[in-house]
Structure formats: C-alpha cells, structure tokens
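By letter and in written order, the chains are A, B, C, D and E; residue numbering begins at 1 in each of them.
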Amino acid sequence: GEPIKLATTTSTENSGLLKVIIPYFEKRTGNVVHVLAVGTGQALRMGQDGNVDVVLVHAPKEEMRFVDAGYGLNRRSIMFNDFVIVGPDNDPAKIQGQHDVLESLHNIAHGKYLFVSRGDDSGTHKKEVHLWKKAKLKPDLSWYREVGQGMGRVLQMANELNAYTITDRGTWLVMRSKLSLKLYVEGDSLLFNPYSVIAVNPERYPTINYLGAMSLIAWLTSVEGQNLIKNFRMKGQPLFFPTAINN
Amino acid sequence: MTEPLFVFHGIQKTFAKVEILRKVDLSLYPEKCTLITGKNGSGKTTLLKIIAGLEKPEKAEIEFSGKSHSWEKIMPDICKKIIYLHQQAFLFSSTVESNIAYGLRFNTMTREQRRKSVKKALELSGLTEFAKKQANTLSGGVQQRVAFARACILKPKVLLLDEPVSNMDRQSREHACHLMQFLKSTGTSIVITSHVPQYFDGLADMHFELVNGKLIET
Amino acid sequence: MEGLLSTIQQALQLLLYGDAELWAIVLLSFSVSIKAISLTTPLALLLAFSLAYGNYPGVRIILAFFNSLLSVPTVVVGLFLYVLLTRQGPFGDLRLLFTQSAMVIGQMILCFPILVALGYAAIQAADVRVWETARTLGAPRWYIILTIFYEVRYGLLAAVLTGFGRVISEVGISMMVGGNIMGYTRNITTAIALETSKGEFAQGIALGFVLLSLAFLLTALLSYIQSKNGGNT
Amino acid sequence: MEGLLSTIQQALQLLLYGDAELWAIVLLSFSVSIKAISLTTPLALLLAFSLAYGNYPGVRIILAFFNSLLSVPTVVVGLFLYVLLTRQGPFGDLRLLFTQSAMVIGQMILCFPILVALGYAAIQAADVRVWETARTLGAPRWYIILTIFYEVRYGLLAAVLTGFGRVISEVGISMMVGGNIMGYTRNITTAIALETSKGEFAQGIALGFVLLSLAFLLTALLSYIQSKNGGNT
Amino acid sequence: MTEPLFVFHGIQKTFAKVEILRKVDLSLYPEKCTLITGKNGSGKTTLLKIIAGLEKPEKAEIEFSGKSHSWEKIMPDICKKIIYLHQQAFLFSSTVESNIAYGLRFNTMTREQRRKSVKKALELSGLTEFAKKQANTLSGGVQQRVAFARACILKPKVLLLDEPVSNMDRQSREHACHLMQFLKSTGTSIVITSHVPQYFDGLADMHFELVNGKLIET
C-alpha cells in the first residue's frame, strides 16, 4: 500500500538502527517505510500537521503533550538507552568516575569550564535543561555555549573547544573514534533516555496511513522487532535496550 | 503628382523641454525621393525614427488611404511597410549573409527563394566576398553597406535612410545611389538625410532643410 | 593535511566505483534541478525582458524586490512551501509534500528571482538598436525577443548557470519539502547534510566533490557548445 | 491559510518589537556578510577583468571551473574550511574555528566564484571601444579598468547583489565553522535552521521575513543611489 | 622637410589569412597632415589602430629619435603621444563636459586649469550648449564632434583621425578643419582617413591611397 511515513530524530537515524531493522519489517509486511530524520520538535510538528503517519522520538513531556492534545494515539515505549557526560581528556573539572550527575554539573559550573549545549529543544537538550534545573544552577554565557545543532556536531564542537557536553550514548559510540573527548559520567538513573513511538491520530486526518502506522508500532513492539533492537550492535556494543517486552 | 502613400501631419517632439520638432508635415509619395538636410542636432534622426514608428512623438496625425489616424493607433499597422536604416549601422552578431536574410524570414518565401534573393542582393551591393564573414569583423564602410543591402532587399513601401553613405567609398556610394534609383522606379518612397546633398543630385525629387523644428523647402 | 588527501582519494573512489545507490542520488539531484531550471527559465527571462523593455512605472521597485528575494534562505522557501503543501494547507489535497515534485517547485521558486535579476541585467545591457533594427526589419514580437536574447546570450547563459548552481547546491528546500527519504527524495545535498550530521566529514566532502566534478563536466560542455556555435565572446 | 496570516503577524511583531537578542543576531548576519562581500569584490572583479581582457590561453576552462564552483553546496565549503581550521588541521593554530572571522572567510570563498563568473559576464559585454578610447586618451591602467567597470556598472551591481544574496542566505558555512553559538556566532539563517528543527515553523518564516525586509531596504537604497548618480540604465 | 617624429617600417597585418597590410611604410612629420584614402575594407582603420598601439601587427618597426625599435617594445612608451579617434565615435556614459575632460585627468593640470581648458574646447567646437547633456542623448553628428574635441584638447604629438567629419554638418566640418589647421601649426602631426579628400584640400600635405595593402602616393 501507501508508504508509511516515519518522522524520527536524527540520533536514531544516525545510529544506523533503523537502516538495519526496517528492512525486516518491510519484508514481513510488504509495507514501505519512508524515514524522515529531523529534529525532535520538527518530528512532532510534522505529526501534528498530519504530514507523517508515525513518529519515533525521545522527549517524554512533549510526547505526553502531543498525545493529550489529540494529535497522537497509542504511544508505546519501545526502547531506551542513556545519556552520558563527556569532556576533554585532561578533565579539568575532575568529574571522572562520579556517579552523581548533578555533582559533576556543579563541578563544571563552579570552575566555569566550557560546556556545549545543544540548545535546540531536542530530547537531549530538554534532558540537559532539566538536569541544570535540578542541580539549581544557572549557566551563563561566559562558559556555556548554546549552539543549536545536532548531537554529532555538538560533540565535534565540544572536541574542538575542549568543552564538556552531554550526549546520548548512541551518537557517542558512533563518533567516539573521531574525538579526543572521554566519557566521564554514566549510569545515574537521571540519565535514562526512553524512546517512544506514537501513531498520528486518524480522527484528525482521516486519509493518513493509520493502518501502516499501527502495523509498524505492532511490529516494533513484537518479539521480532524487540529482538532486533536488542541485537543491534554499534562498534560491537549494544546500544538500545528494548522495553516493550520484558525478556 | 500621384497620391501620397502617407501624409504625416503636425509631428511634435520634445526632449528635455526642448522642442525638437514643431508641427512638422511631410508627405511620402511613391516613386519619389525626399532629401532632408539640417544642422547637427536639428532633429533629422528623430523625425525619421518617428515616421518609422521607433520613437514616440508627443503628437502626430497620419493620413493614409483617405483617412486620418493618430500615430499611436495606426503605427502598428503601417510600420511594417516602412524601413529605417540607422545612422550608425547596427548588424546582428552573425554572418553578413544571415544579416541580409534577416528581414526575409518573416514573409512567405521558400528557403530556396530566400537563398537566391540573398545571393542577388550580395552581388548587387558587391558584398559577395564578405558573405560568410562575421559582422563584427567588417570595416565601418562595409558594415554600412551590409545594413543598406539588408534594408533594400525587403523592397519596402517607404525606405528611410539616415546618412546612408557617410562611410562608403566613392564606388559603393554610386552603387548605392543606383540601387536607390532602381527601388524608386519600382514604387518605393525614399527619404534620405545627409550633410552632402550633392551626392543625391540626380536622385532627390524634393529637398527640405530642417530648421528650428520646421521643414523648409529649398 | 593527511585528512584532506584521504578525503580526495575517497571522493575519487566514490566517483569511479560509486555504487548504484550513489548514482541514484546523483541522478535525482540533477533531474530535479534541471527540471526546475528549465521550467523557470522561459518565464523568468520573459519577465526580465518585459521589465527591461516594458517601460511601465514601478520597474525599479519591482527589480529591488526581486533583488532582495535573492537573500531569502532556502529553508525559508522550504518552510513557506511546507505551509502551503501541508495536509491542512491550501494545497494539501495535492499530496505533494515529501515528493520530488515539491522539490522541483521549491527550487523553481528559488531560482526565479535570480533569473529575473540577472536576466534583466543582461538584457538591459543590449544596444537599443538591436530592438530597433529587428523591429524595423519587420520581425514579429517573439522573434525580436529571440534576437535580443541571442545578442546577449553570454549574459543569459551566466544567469542560467548561476540559477542552476543555486538550485543544485541548495539543501533547505530539499530537506524541508523533500524530506531526505532514502531512495525517494534523497539528493546529493541532503545526503551530504546527513553525512555531516553523523560526523562523516570525509564522506560529505567526497560527495561534494562528486557534485563539483559533474557540474564541471556540464559547464565545460555548455561552454564548448557555445564556442562551437560561433560566439565571439 | 490561518497559519500563514498568523505567521506574517508574528513577523511584523518581530520586526517592530524585536528584542535586543534578535537585533544582535540580525546585526551579526549583516556585518559578517557585508564584510565578506566587500573583501571579495575587488579581487574577484579584477580577476574577472583579467579573464576578459588578458587574452591568455585557458580562459574558457578557467571560466568553466568558476562556473561549476557555483554548484558547490555551502556545507561542503564549510566542511572544507573546517578541515583546514580544525585544531589538528594546517591552520589550527590560528584558533579561528567557531568565530565570526571563520564565517567571513567561508562566505568569501562562497561568493568569489559568483563574482568572477557574473563579473566576467558583465565585463565581456562592454564595447571594446571603451578600452580603446580610454587607452588612447592616455588613461593609466587602473583608470582604464575603472572606466570599463563604470560602463558596465549595472551588470557589476547585479553581480554584487547576487553574491550578497548568496552569502547572507547561506547556512551551511555559518553552521559548520561558526557553530551557531548563541551570542557569539548565531546569525539569522542558523537561527532559522534552529527554529525549524524545533518545529517552530512560524518563527522560522518570521525570521526569514525580517531578513527579506532588511535586504529589500538595502537593495532599494542601492538602486536609489544608483539612479541618483545619473545612470540611465 | 624637418625630421619625422616617427617612422613606421614594414607594417604587416593579416586577418583570417588575408594580408590586409603588406609592409606599409609611413613617416609622421610634425606640422604636417597626411591624408589616406582607400576603398572600404582596404585597411585604413587597421593601419591607424596599429600606429596608435590599439591593434597588434604581425610585424612592424618604428624609427624614433634616430633608433629603430620593434612595435612591441616601444609602443607602451610612445602610445601616450598618439591619439586615435574612432571611425564610429565612442563616448563614455556621462556628460559631454566630463567626456571632454577625460584625457586631462592624467596630467598635472590643476582643477581650475582643467575647467578652463574644457570650457575653451567647448566654445571652440561649438558645444557649449551641450555641456551638461548626457552622451547617449546626443545626435550622431554631435557625438562625433564631442569625440573630436575630446581628442584635440590633449594636443597630442600625433593625431589619428578616422573619418572625423563623416557625420558633421557643413559648418562643423569647416570648424573642425580650422581646428586641425591650428593644431598642425602648433606641431601636431595629423593623419586623416576619408572617402571625401576634397574636404581636406587646404589641409593635407600628403595624400596616399591604400591599395592592395600598400600605401601609394597620389
């Protein structure tokens, strides 16, 4: 039938996950999926406008708002990975090995060490803002660089500027070999990064490919889909952890 | 005298608040040649361009087949019968041949007729040797001759020649006058501006001087 | 420097051994952009002509308007078109969003002002005697226009090449209304943007190099044809 | 349609009540691009002149090269410059990455081929008698060049405006080597890209509208000055 | 006769495999006027442009202050002393005044001297009324007169005039001849090409015809 239009964030696309698993779905169901990789906000906006059939993002609050406003249906959590804090290899803020992410943020802020922020209202950025707030810190422009770009570019800039930043683990693994940055903070439960998939509400847009969207959601949450997510490897490491089925 | 082809009445033209032409009247008769002289800047070129429909007068009436029309109304119809030759000849950037053939493309001639016609025109104006040359490699006089041939080949009802021989050598000048004589005999009304009236002594039937925006018979 | 060299090597490899996927992307780029420029050129040049010869009031202000349109970022054109083509938008029923047609339309909007502004600059430089001579020799209106276009062909070619360069190198429109969908609407520039966002700079530069090489071939060919056709420019 | 109307309203509000932050971004855009175009123009036009009058071999191939450079996507220019300016790169010690200077340099690279190609198109259209007359009347070389430039000023202005439009509307270079750092290197186009990625389309179009309005003012001013200076074009 | 200013030896020029000039020799004497006639396309314009340094010959030697030089070597030095007036006058797109002042900008005159000089030139050539007009609004003859005045005002050592009066009215023609006579008397060497040698009867000291690429004294 008509292709299923999936709007997703650049991070999922860039990790290569979709490229690996989508062909299985296409083969099984005979559906074609068009992947549109854009910013989180833009992905939700495209869903809101009814220009795509299904969205895959990681910004829980916005997702809830999207569903509550009646733009989306059947929000299903499908997987998670986590955020990590990386920084220059001499680690001037001395945050290596810290498990408390808020404490490491304090170190960075008090030492006024450069910190690069996505600044683009993406899932990652929202998480970062949330963390600053939680740590009761107010970053200022003397050391805080708000750059408004994608994750890959932000890592590159942090590398270039010898700055700290927060990143999702997927992009970090992809980019790591090209950077002299090091991973310092991980594992704090505050750094949890859940991904959900939401079908666009057919009540608003009767002509959209709701059946396709639902079949994609069904498949992503099926044993096959979840296993594929679990078995996906990036540079030998697992990246995403399925959440729809406990196994 | 026979009936005039066109009678222009009260041509008025002002440039930058200076009245160049003040109610000029001019009748164009078939088989007649009109010579216009006048000082530099007196308005000869302007007058010819208005008659050719290339410059807009403030006011002008045209009497044509018994009726009087305003310039604006009738020009689109009659300008096809009138050809103007620039004081400084302009050739399109192609060969001499294709320049001369330019005007022939818009009538019903066959390709073969056109080719023959061009060939004859080249011969008549002594340009055969230049046929394949690019226009921008020609000498000033030859350019003028090509432009002249390009206009004559169309055998228009009215032929307006603005200093047509100023850069021609003597022989070409005489050739050109012969050709004008021939066109005249086939019914064309010719208007020539020149600073050397002697050149057209045998050809011109009327001679006006443009003075202070008026045509004065001399 | 090592990075640069290996990038060039990678580009050459892409060019020589480029797989079917790459060539499909390249083909899409050129087909969309050539469509856009060929559809826009006649109309834009006619408008440019009428601005140069029409003698109506307000020409200056119209030209200033088109000149300032040159400053509109492609993503804004893309956004604008998105708003028109979106499902509830005025042209939503056409279902053009995220198709190659939408990309063609967007690129047409993008190059129209360029062709008008540069076309006008070329045409107004023509000697007024071109018009006068053609007219007095009895050329019909369309032939007069062609004659003038021929006389300023070098300037018009420059306008068209600039317009083409603008559309084939743009990414904002293709991204916004094409959607960079693999196999459907991904072109060279959106592919480059994707590679860049992944940090695959070498791959991005290599793709740019592929584009540049093909553009060079195309341009050299055009300039060769033009020189064959007896231009003396 | 409602969306469009409210977008325009938003744009007008931005223009009228735009806060200091917005105006800083706008200022940065124009200052970077005006610097880039003013630094590039003299050199590029001199090259264009020497291509038109130099009479050396290979002019055609050089022109084809510059013409094809028009097709290079801005992000590729950005990438290229990034590779040069990165810390381990050949010019890494200058520490220019993510500064306005890097943006200026990138935009200069971007508009150079445009100015050469369009400048050449304008200059070669000049009557050869301009050169001959200036020369025989004893003008020194630089004055001959100025005389020719003056005779084709309309074409050159079009070239410069096109180049300016290209640089002020580009986003790839500013993003890549500027970095879109809030308060340091964020300009209108990177701000638009950011709003777009957030899904704030209206905000994006509104910013585009701000850019367009200012470009229109600038262009209208230029064209007014030109008409004052006794041009009859 | 006094010493010649420049002696040109063996000027050769070929266009598209046609030899236009075959070893033309020409001596330019101060206070003398040389008239050159010849058919259209015979090479008059080409010859003048080569002498002016605007066109490159295949071969040419120039004898100057006792020594012989090749054209390439010496032209950059001597072309400042030689002014060529185009057959089809070209004016820069500015006013008549500023056109006439053009060549004066490159000498050491003060602003005031320049202004006076331009004023006098305008008067002498009867162009005062046109001083403020834009060049492209002038009639053909007036354009030619402006270009003529623009060249004369520089009082060059050698003045090359390519059909200088072809579009001038009678009075302007006579004016122009007077001016040439005056320049000649101040030491300028003048070379004129024309298809109407009679115009320069009182002025020309030598008269050559260019035939088959050779100058023949008549």
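Here is the rule we use: contacts are C-beta pairs under 8 Å (C-beta built on N, C-alpha and C of every residue); 3 or more make two chains touch, one makes a residue touch a chain.
None of the values given here were measured: they were computed from a predicted structure.
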| item | value |
| --- | --- |
| Chains in simultaneous contact with subunit A and subunit E | D |
| Chain pair bearing the highest count of C-beta contacts | C-D |
| Between subunit D and subunit C, distance of the C-alpha-averaged centres to the nearest whole Å | 17 |
| Chain centre separation (subunit A, subunit D; CA means) in Å | 36 |
| Intercentroid distance (Cα basis), subunit B paired with subunit A, Å | 79 |
| Cα-centroid distance, subunit B relative to subunit D, in whole angstrom | 49 |
| Contacts with 2+ other chains: residues of subunit D | 193, 196, 201 |
| Residue numbers of subunit A (touch at least two other chains) | 150, 153 |
| Shared interface positions of subunit E, touching two or more other chains | 88 |
| Interchain pairs in contact, sorted by label | A-C, A-D, B-C, B-E, C-D, D-E |
| Contact set on subunit C toward subunit D in their complex | 1, 3-4, 7, 60-61, 63-65, 67-76, 79-80, 82-83, 86, 89-90, 114, 117-118, 120-122, 124-125, 152, 154-155, 157-159, 161-162, 164-166, 168-172, 176, 188-189, 192-193, 196, 201, 204-205, 207-209, 211-212, 215-216, 218-220, 223, 227, 233 |
| Contact set on subunit E toward subunit D in their complex | 49, 52-54, 79-80, 82-84, 86, 88, 90, 92-94, 102-103, 105-106, 134, 136, 150-151, 154 |
| Subunit A contact footprint on subunit D (complex, rising order) | 86-87, 97-98, 175, 179-184, 186, 190-191, 193-194, 196-201 |
| Interfacial residue positions of subunit B with respect to subunit E in the complex | 15-16, 37-42, 44-45, 87-88, 130, 133, 137-142, 145, 162-163, 166-173, 195-196 |
| Subunit A to subunit C touching residues, read off their complex | 3, 5, 10, 13-14, 34-37, 49-51, 150, 152-153, 155-156, 174-175, 178, 205, 207-208 |
